[in-house]
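Here come two complexes built around chain A, the first alongside chain B, the second alongside chain C.
Presenting the complex of A and B:
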């Protein structure tokens, strides 16, 4: 193409020149994204391996042998921190299970059974995106208090499941539509019930959608601060995000290097999920599960 | 459809006279499948909003069980609150600034990630991680890096670039707090736009671009005529959602500045939270929540105008 390419590219460049310019722009952009994306994670990691006194005295880039230490990780044995991490894990698992079960059943019903008002249901479903934790949290505080769900992890799981619903149900709805109904029909001919065909045919085929829905539920539960701050005011049941903030404000001595150590521990699960399960994440969004 | 198939009735089953009931079994089961979702929505959305409206009409202390009916008095108080209008204005600045910045950065990242050939998986993972990292971690790392005691960004901005005082944390400076909040938040939330756009970009068949190349289109023309029309819809939705989310953002602001210094970063969510826990005016806080909900409702109307859900459901792939 090069010999005959006329100067019709952007800025009057030839097509080859245009390719070169774009190649360079792409390389520069990639470098910027990598530096800005990786830098905070790198900095958190290196600080967590550096002597805590050095961290607040000077800016060090690499934990060299003299200042390298694993002592900061003692914070992972601190009873309060252990409790926060345990509560966060319980809430995340509870939310994932609730979201997957509820959205699978609803998705199946929406795509396979005919009942009225489906379109309005879709509208109501999308309303879920408007449940802002701060707007909902203030009144929910009193409601949970009067029915005894305040200070309980179940109360938080319910709240987080509700805000995960729009994405999860929409995803299942569209995904189950892609599974041929004929497979279920042949099972019914052999005498299987609708529940049997749902359990043995539809659910196993929904694996990618289940993983995507679980990942998003995990992200919401792992990330939550506002709901937990309002709905779990006591030490015993609170999760990591509000817990660590209260600990920092209350304790006389909590070195930043230790905070970075526990932060890294909280970052590892999402980091591993982002690397090993990114195809599921993208698949989830591709269905345009808005 | 499924209704034509015979449901097997085992010997031990209770006989239900489906034929005589006013609605078919399928309809009943179908409604049954969505009931858990509706129950959750009722508990977490409808009930709190109704409760907020009810509580906003009363004088209620946060710790006080006494409710006194005062009608719409709380709404007058909200409007007369000098903090209300300034918080609303700051919230709008925060929302517009964040959304525009996130749109520009997010779109740029999506276009780069889509075209990259080597290390795509790793780079995508890096970008996705930013979105999956809990907000509290983003805040803690930002606070460390902006700490006057050994913070790297503090030193970079203070000593090298001379942007702010070397001795003080820039998040405590009036002229930097809001800008930094927008920048720090965007590190995480720009990826939301990237993920949405990237999924759409990957769905564009490459034969479109090959055909355009054959007829001699340049890159700008390809972007304008192939890429942009395909991602326009999703960008619109993502921007609307981001605006709504940023307007109601509480966590990252509370973690980084608690609304300070002074009231430089106090937006409506922060004001509502303070009204509950610092002024113990629970009724007034609920009035604020209702006002914020009305803003959300306007967002919702725009959202449905931009994106028709029933249209989406019909398109079976």
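Presenting the complex of A and C:
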């Protein structure tokens, strides 16, 4: 075969030429990801392990033995920070449970039962995406204040669940549609009630979707700033993101190295969660027509 | 034990304002340990009928009795039926053993009892060594055996099959057919088997119920359905290769009936045709009973198209004025696209009303 006949690639080059172009493009995109995405994490990590006075005085690259320290992490024992972390954890877990339970039931209903305006309901559901937390936050502030949910963790859990719900319900709906109805019918024939077949047959098979929805809800709740700032205006119940900002503003002296230490501690749980669940996550996102 | 009595079963679906009659006034009784096959083309209402019997669909009108028990309004959970689905529907997150024991678990049997029953069923089905595997590791045939086992352990009052073998290949089907018969014999309850495969219907059933457009055309033992079809539809649906049809006309001549197909006359030694003098009719005959004559003037002239040698016989295709005709010929037959005459054996012709398709003689 002549090399002319091989010039069929996207760029009209020979296959070898195409390979080189693709290789170069891959290197460039990798570099962009590293600079924008990984460098801040590296910076945060190295600063958090460096003696805070050194960070103030000079620019370091690696925490060498002379300046390496774990002292910055002592701030994690600060009562205010402990409270923020605790609140964030409670809110995140509460949001995950609410989102998973509600989306399972809603997704099941959407895929198995017929009710008027079902398709329109699903469409309206997706419109929830169009509203950013700050848009919903202000009216929610007034509503929560009048019904007594302001300054409570439950109030924040409800708000965070609400914004996670469109995605989670949609995911669950499409996922449950991939489970053949005959499986449930088979269970009913065996004498199982609808609830029992839902619990024994549908829910176990939804595990990838449950994990994907949980991770999504966790990411929303853990990283939320807007809702927490608006709905938890007092020091006692606020979560980490607004809490750390208030701490920085209020305290006379809070070294960068300690801020980095707290930030890294906050970053680790989502990273670990995503890492260990990634095989499930992929399955959860793999459904066609999503 | 119980028998299944279906009386006046009608199911109407409403779709976009239109009423679609899926099942129209079906009456069918399945005896205590009888195996009845409901056979028909896709969309004829056979699965809907079965789902009504199972309790998965609610009939628009009509009643269903299991023995003395009126189950028409009972939910599926309380009917004590077993149902095998086309897509097998084993639970992928449970082992084969758990799959088979699931029904017993719901009924509240002890762990020992469950395992003992599963072991017995597995032995009968020859899947004892598969019990700890997950369903995904099994072949299609083994999966259907497990599904059979799931029903077998429960000892149901009625056994229903919804095209359980349509996803399997021909060889596996032939292998599974005796297994299904063994299991239904073992349970000894009324069995309703839905299929579109007339071969399954013919080989397994005590009686075959042929359904078309939501209406039962004929309910009879397999041999009778084959030899004595009640309608043109039954005749065309049952049997391989299909019954061949010709347009004909009946004339009364000297006390006997004469059948003419185009320019060719046949004496018919059949009674009951007096009233049909001069009427257009449809003539059906099995391809096995059509003779091929070397003389085109003998019988219906036909041009040979092609041969399909099957080893023990050959299916030969001919072009006639009535369209393409298939004839079962001798295994050595080779047509070479010449002109032939097709001779119908008058004793095997079946006559049907040209409009309604109802059998005349």
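Here is the rule we use: the second predicted complex is superposed on the first by the 258 of 290 C-alpha atoms of A that agree within 3 Å, B and C clash if a C-alpha of one lies under 4 Å from a C-alpha of the other, contacts with A are read in each partner's own complex, and residues count from 1 in each chain.
Assume contacts are C-beta pairs under 8 Å (C-beta built on N, C-alpha and C of every residue); 3 or more make two chains touch, one makes a residue touch a chain.
All figures in this text were calculated on a predicted structure; none of them were measured in a lab.
When the two complexes are overlaid on their common chain A, residue A:70 makes contact with neither chain B nor chain C. Once the two complexes are laid over each other on the shared chain, residue contacts for A:126 go to chain B alone; chain C is not touched.
When the two complexes are overlaid on their common chain A, residue A:185 makes contact with chain B and with chain C alike. By the touch criterion defined above, A:204 lies against chain C but remains apart from chain B after alignment on the C-alpha atoms of chain A. Looking at the superposed arrangement, the partner reaching more residues of chain A, out of chain B and chain C, is B.
Residue contacts after overlaying the shared chain place A:260 against chain B, while chain C stays out of touching range. When both complexes are overlaid on chain A, the residue A:268 reaches neither chain B nor chain C. Contacts of A:222 after superposition: chain B is touched, whereas chain C is not reached. Contact with both chain B and chain C is seen for A:193 once the two complexes are overlaid on the shared chain. When both complexes are aligned on chain A by C-alpha atoms, chain A residues 185, 188-189, 191, 193 touch chain B in the first and chain C in the second.
By the touch criterion stated above, chain A contacts chain C in their complex at residues 180, 182-183, 185-193, 196, 200-201, 204-205. Chain C makes touch with chain A in their complex at residues 54, 56, 75-78, 81-83, 85-93, 102-103, 106-107, 150, 154.
Contact residues of chain A toward chain B in the complex are 8-10, 15, 18, 22, 26, 29-30, 33-34, 36-38, 40-41, 43-44, 47, 54-59, 102-103, 105-106, 108-110, 112-116, 118-119, 121-136, 138-143, 158-159, 161-163, 165, 169, 173-174, 177-178, 181, 184-185, 188-189, 191, 193-194, 219, 222-223, 225-226, 229, 240-241, 244-245, 256, 259-260, 263, 266-267, 270-271, 273-275, 278, 281-282, 285-286, 288, 290. Of all residues in chain B, those touching chain A in their complex are 1-3, 5-8, 26-27, 29-34, 36-38, 40-41, 43-45, 47-49, 51-52, 55, 108-109, 112-113, 115-116, 119, 121-138, 140-142, 144-145, 147, 149-152, 155, 187, 195-196, 198-200, 202-203, 216, 218-220, 234, 237, 241, 244-245, 248, 250-251, 254-255, 269, 272-273, 276, 282, 285-286, 288-289, 292-293, 296-297, 299-300, 303-304, 307, 309-310, 312-313, 316-317.
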